[in-house]
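Following this message is one structure expressed as C-alpha cells.
Each chain gets a letter, A, B, C, D and E, in the order it is written, and its residues are counted from 1.
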Amino acid sequence: MIEFTTWDIIRNLLLATRWTVLLSLVSFVGGGTAGLLLLFLRISKRKALRGFARYYIELFQGTPLLMQLFIAFFGLGLFGIDVPAWLAAGLALILWTASFLAEIWRGCVEAVAKGQWEASASLGMGRFQQMRYIILPQALKVAIPPTVGFSVQVVKGTALTSIIGFVELSKAGTVVTNATFQPFTIYGLVALIYFALCWPLSKSSQILERKLNVAHRNH
Amino acid sequence: MSLIEITEVRKSFGSTEVLKGINLDVEPGEVIAIIGKSGSGKSTLLRCINGLETINNGSISVAGAQFIDDELHLKALRLKVGMIFQQFNLFPHLTVGGNVILSQTVVKKTPRPEAETMARKMLERVGLGHKFDAYPDELSGGQQQRVAIARALAMQPIALLCDEITSALDPELVSEVLAVVRELATEGMTLLMVTHEMKFARDVCSRVVFMHQGRVHEIGPPEGVFANPKTPELRQFLGVH
Amino acid sequence: MSLIEITEVRKSFGSTEVLKGINLDVEPGEVIAIIGKSGSGKSTLLRCINGLETINNGSISVAGAQFIDDELHLKALRLKVGMIFQQFNLFPHLTVGGNVILSQTVVKKTPRPEAETMARKMLERVGLGHKFDAYPDELSGGQQQRVAIARALAMQPIALLCDEITSALDPELVSEVLAVVRELATEGMTLLMVTHEMKFARDVCSRVVFMHQGRVHEIGPPEGVFANPKTPELRQFLGVH
Amino acid sequence: MSYHFEFSWLLQYYPQILKGILITLELIAIGGVLGISLGIICAWTRALGPAWLKPVVAGYVELIRNTPFLIQLFFIFFGLPSLGLQLDELTAANIAMVVNLGAYSCEIIRAGIQATPRGQFEAGASLAMTPFETFRHVVLVPSLQRIWPALSSQVVIVMLGSSVVSQIAAEDLTFAANFIQSRTFRAFEAYIVSTAIYLVLAILLRQVLGILGRVIFPGRLAR
Amino acid sequence: DALADITSRGTIRVAVPQDFPPFGSVGTDMAPMGYDIDMANLIAEQLGVKAELVPVTSANRIPYLQTNKVDLVISSLGKNPDREKVIDFSTAYAPFFNGVFAPAGLSAAKADDLAGKMVGVTRGAVEDLELTKIAPADTVIKRYEDNNGTISAFLSGQVEAVATGNVVAAAILAKNPPKRPELKFLIKNSPCYIGLNKNETALLEKLNAIIAAAKSDGKLNTVSQKWLGTDLPADL
C-alpha cells in the first residue's frame, strides 16, 4: 500500500478545499440572486406568486439538502436530461440557498417601517421603484449580519455534494482516510480547515451585528 | 367643476364601516380643515383620496380624472395630490436633498440637475436650504416635517393632504411647521388638512369639516362652525356647552 | 429614628455626578412628593433607595438597617421597600394573579394557597379582583399600573417608592391610579413619589422635596413649597413669577 | 423515460422505514428537549453567568457552529472510545444532536434574553428576587417566546441534518433508504419516499412546535 | 445499443470505487487505483477505447448507471435476485474472500458462534449480503456507510468483529493497530460482477467474452497477484 506523508494528506485536503470554496461562492452568488427574485415573489401583491414562493420555500427548507442534490443530479438524468455534476451541484445549492435567503430577507424587509412604503407610494413610486430606492437600501443594512451568518451553513452544506461525485473537503477526508487508516488525524484536519473557513464569517457577522446595534441606538 | 370631488364614498375594514358615505367638493385654492374625534375616519378619508386605501363604494375624482385602482391611474393621481404624514416618513438612508430629489428623478424622470435645482428651491421655501446635505436623523422633528413638505411640493402637486402633521412635534416646534403651511395657503395651494390646532384652522382655513362616526357631520366656514356649532356632537367636541 | 435615613448620598455615572449629597429623613407614614426638572436626579434617588443603583458615597438606611451592596442585604432591603415604575413592568407571560403571586412564592417562600389569598386581597384593594385570570396585555394602562401596585403591596413593604407612575397613562386613566395611591396614603403607608401631578402632591403629601441639579433644593410641607417658593429655581419650575 | 418506477419493495421493507422514522423522531425529540435545555443554560451563562465560564461556553458554541455536524459525529463515535468512553451509535447520535442544537439554540436564546426590556430585570430585582430567580421566573419564558419561531426553524434544520447519523450505522430514516437501495438497487424510489417522509415530518414538526408555543406561552409579549 | 455508443464515442465510462481498498482507493495524487480500476482499463483496452473512470460510492453507483452517466459499474458488486431485477451482471471478474475477523480473544469458528455478538460490515457490500443470510437472528449487524466507517468502528471497539475481505484485514494489520483482526472463519467465496444496464445484450456478451479471455490468457491472474497477492481461484 502506498504511504501518504503528512504533507500528502494536507496537500490533498487543501486541493479539495478549492472545490468547497468554489461551490460556496457559486451557491452564495447564485443563491443570492435567486433569493432576491424569490423575495419579490414572496412579498408580491399577487396571491398566486406569493403562494408559489411560500410552497417553494416550504419544500426546499423541509427536505434534506442531500436528497435535493441527489434528485437534481440523477432525477433529471432519469428524464434523459444529462446534467453535468457541477451544474447539478450548483443548481441544487443555489435553489436551497435561495429558499433560506429569501426568508431571511423577508424578515428584514418587514422590519422597514410601514410609513416608508406609504410615503414612497404617495410620491407616485411604483412597487418596483419603492423596493429599489426605498425599501431594499434600508433592509440591506439589517440584512447583512444574518446573511453573512447563513453563509457558514452554505460552506458546511457543500459537503453533501459528494453524493454526486464531488471530491470536496469532507469527501477528500473520507477518501484519504480509506487510503491511510488515520481517521483522527484526518478528520481533525478537516474540522480545522472548515473552522478556518467558517469562523471568520461567523465572527464578522457578529461584529457587523454589534456595529449595527450601536448605529441604531444613535438614531 | 371642483378640483376634488368626493361622492358617496364608503370604506370598510373587514365588517366595520369606517366611512359611511362621504360627500365633499373642494375648489381650487381652498384650504380645508378636517376635525373630529379619534376614530371618526379622518385619516382614512385622506388615505382614500391618495389611493393608499381602496374605497368600497362611491367615487373620488381629482382634476376631472376618476380614481381607478391600477398602477397607472394611481401614479397619475399621486402626481396631482401630495401627502404629508404625522410621522414625517423621511427616507433615513438619503440626505435631505436626496429625499427631495429622488421621486422627481425616479417617478417623473426629471434630469438630475433640474431635480436638484427644484429641490434647493423647495428647501429654501421651507427655510432649510442650508440642510441640503444633512441626514434626516440630524434634524429636529419640525425640520424633518418641513423637509417632508418640500419633498411633496417638489412633485408640483395641485393639492396637498396633511394628516396631523404637527401632532408628533414638541410644542415649541409646531409653529415653524404651521408657518410654512400658512404661507402655502396664502400662495393659493389647495390644502386638505386633518388637524387638532383649532386656532390655526380658524385663522387659515376657508372651510372646516367636522367628521363624526364616518360621516361629514357639519361643514362650513370656520366662523360658522366654531362660533355656532349646530349639532350637540360638535359642541361637545369643541367643549362649548 | 426615622424610617428611611438618607445621608450625604452621592452618585455618579462615569464622570458626571448626578446626586451631589442628598440628605433626607422620612418618618413612618409620611407621604413625600419629589418634584423637579427632567434630569435633576429624582429617579436616580429612588433607584438608589431601592438598591437598583449602588451609591458612591454617603449612606442609606431603612428601618435601622444600613444598605450594603450584597445579595443578602439587598434582598432584606427590597423586602421592606417596594417600587413601582413608570412603565408598569408587569410580567407579560403571567396572569394578573400570577404577577402578584410570583414574588411571594419565590422570595418569601409563602405557600401557594396563602400567596393566592394575599394576591386576591391586594387586587381587590386596587379594584381589580375580577381581573385575576386576565393577562397584562388585556388590561388598560391604568389597570396595569394598579396591578403593579398590588404586586408591590403583596410583599407587605413598609414603604413604597413610586417613579412617575402616571406619566405613561392616557389622561383619563390617571385618576384611577391616583385614587389608589390616595387610599394607601390615608391608610398610613409610607410613600415616596416622584410626580408631576402638582395638585395631587398638594392634596395628599405631607412634605414636598424639590430637587435641582442633584441636590435637595427646597423641602417643606406643600402649603409652604407651593404657595411660597423661596428659591428662584423653584419659582421658575412652578411657573410663578 | 426508460426507467420504470417500482415501489413493490415497500411491502417488504416497510418495517425498516417505520423503524427509521421512529429513530429520526427519537433523535429530534431527545435532541430537541436536551439541546434546548443545554442552550438555555449556555445562554444564561453567556448573558448573565460568571465571567470565567463565559469564554468556555463561547468556545464551545464557536467550535460547534463552525464545523460540520458529520465531523462532530465522527469524533464522538470514533474518537471518544480512545478516551475510554464507549458509546453505542444511537447514544452517540443523540449526544451529537444535543451538543449541536445546544450551541445553536444558545445563540438564539441569548438574543432573546438581550432583547428583554430592562424594566423586567428591575421589576424582578425590586421584588427582592435574586438575579437568578429573576432570570428563571421573569426573563426566561418571555425570552423563549420572543425567539420561539427562530428556535422552531433551527429544530427543523437539525432534524433534517440528522440524516447523516446513518454514517455511523444509526438506523434512522436515511439509513432505511440507504439500506433498501443497497439491497434492491432502487435508489430513486428509496430516496423519493424518504424525501417525502422528511417533508411531512418537517411540516408536522413545525406545526407541533407552533402549537406547543401557543400552549406554553399564553400571554402576549410586551412590545 | 450501449456497445455501439461506446465504440463510436471512443471512451467507456466506468464507475469505480475509491474508498474500498484494494479494489479501489487513491494514490497520493488522488487518482483511483486498485483491482477494479485495472479491470476497467483491461476492458477498455480490449474494446479498443479509452477508459473514463468515475469514482462512486455505494449509495450512488447504481443511479450513475441507470441515468446513463456511466456504461459499466465495476465496483466489487455482489449479486442477489432483487438486484438482478434492476440491472444485469456479467460473469464474475474477481474473487472475493471475505471472512469474519476479530481480535484473538474472541472465539467464533462458524457463523452460529456469532450469536449475540456485534459485527460491523460495509452497507451493501458483498459481505453484508452474505453475512445477513448466514448469521443467527440475534447477531447484531452494524452497517456502516463505507469501508472507512467499518474499520474505524472495529479499531475503536464499537463492534467486536468485522466481516470484510481478507485483503482489507491484511491492510489493517499492516498498519500495526492496537486491535489485530484475525480470521475467524470464511463466510463464502462470493465473487464480484460487473454491473450494466438491462437489455444491453451485445455489451453483456462482449464483456463476458473479454472476461473469459482474460481468465484464460492469465491477464486477470496478474491483476489478482498484484492487488490480492494470490492467484485467481480455479472455480471463478
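Of note:
Here, contacts are C-beta pairs under 8 Å (C-beta built on N, C-alpha and C of every residue); 3 or more make two chains touch, one makes a residue touch a chain.
The shown structure was predicted, so the numbers you read here are calculated from the model rather than taken from an experiment.
In terms of the stated touch criterion, the partners common to chain A and chain C are D, listed by label.
Shared contact partners of chain A and chain D are E. Of all the chains, the one whose CA centre sits at the greatest distance from that of chain B is E. Farthest from chain C in terms of Cα centroid separation is E. Annotation, chain B versus chain C: rotation angle of 175 degrees from the Cα superposition, expressed as a multiple of 5.
Chain geometry summary: the mean Cα position of chain B and that of chain C are 44 Å apart. Rounded to a whole number, the gap between the C-alpha centres of chain B and chain D is 53 angstrom. Spacing of chain A relative to chain E, judged by their CA centroids, is 37 angstrom. Along chain D, residues 3, 74, 78-79, 82, 187-188 each make contact with two or more other chains. With touch defined as above, residues shared between interfaces to two or more other chains in chain A number as follows: 70, 74, 78, 183.
Of all possible chain pairs, the ones that touch are A-B, A-D, A-E, C-D, D-E.
Residues 18-22, 25-28, 30, 54-57, 59-60, 63-64, 66-69, 146-148, 151-152, 155, 171-172, 174-175, 177 of chain E are the ones that touch chain A when the two sit in their complex. Residues of chain E touching chain D in their complex: 58-60, 62-63, 66, 80, 82-83, 85-87, 120, 123-124, 128-129, 142-146, 149, 152-153, 156-158. For chain A in complex with chain B, the residues that touch the partner chain are 113, 115-116, 118-127, 129, 133-134, 137-138, 141, 218-219. Chain D meets chain C in the complex at residues 117, 119-120, 122-130, 133, 137-138, 141-142, 145, 217-222. In the complex of the two chains, the chain B residues touching chain A come out as 50-52, 71, 75, 78-79, 82-83, 85, 87, 89-93, 102-103, 106-108, 137, 148, 151-152, 155.
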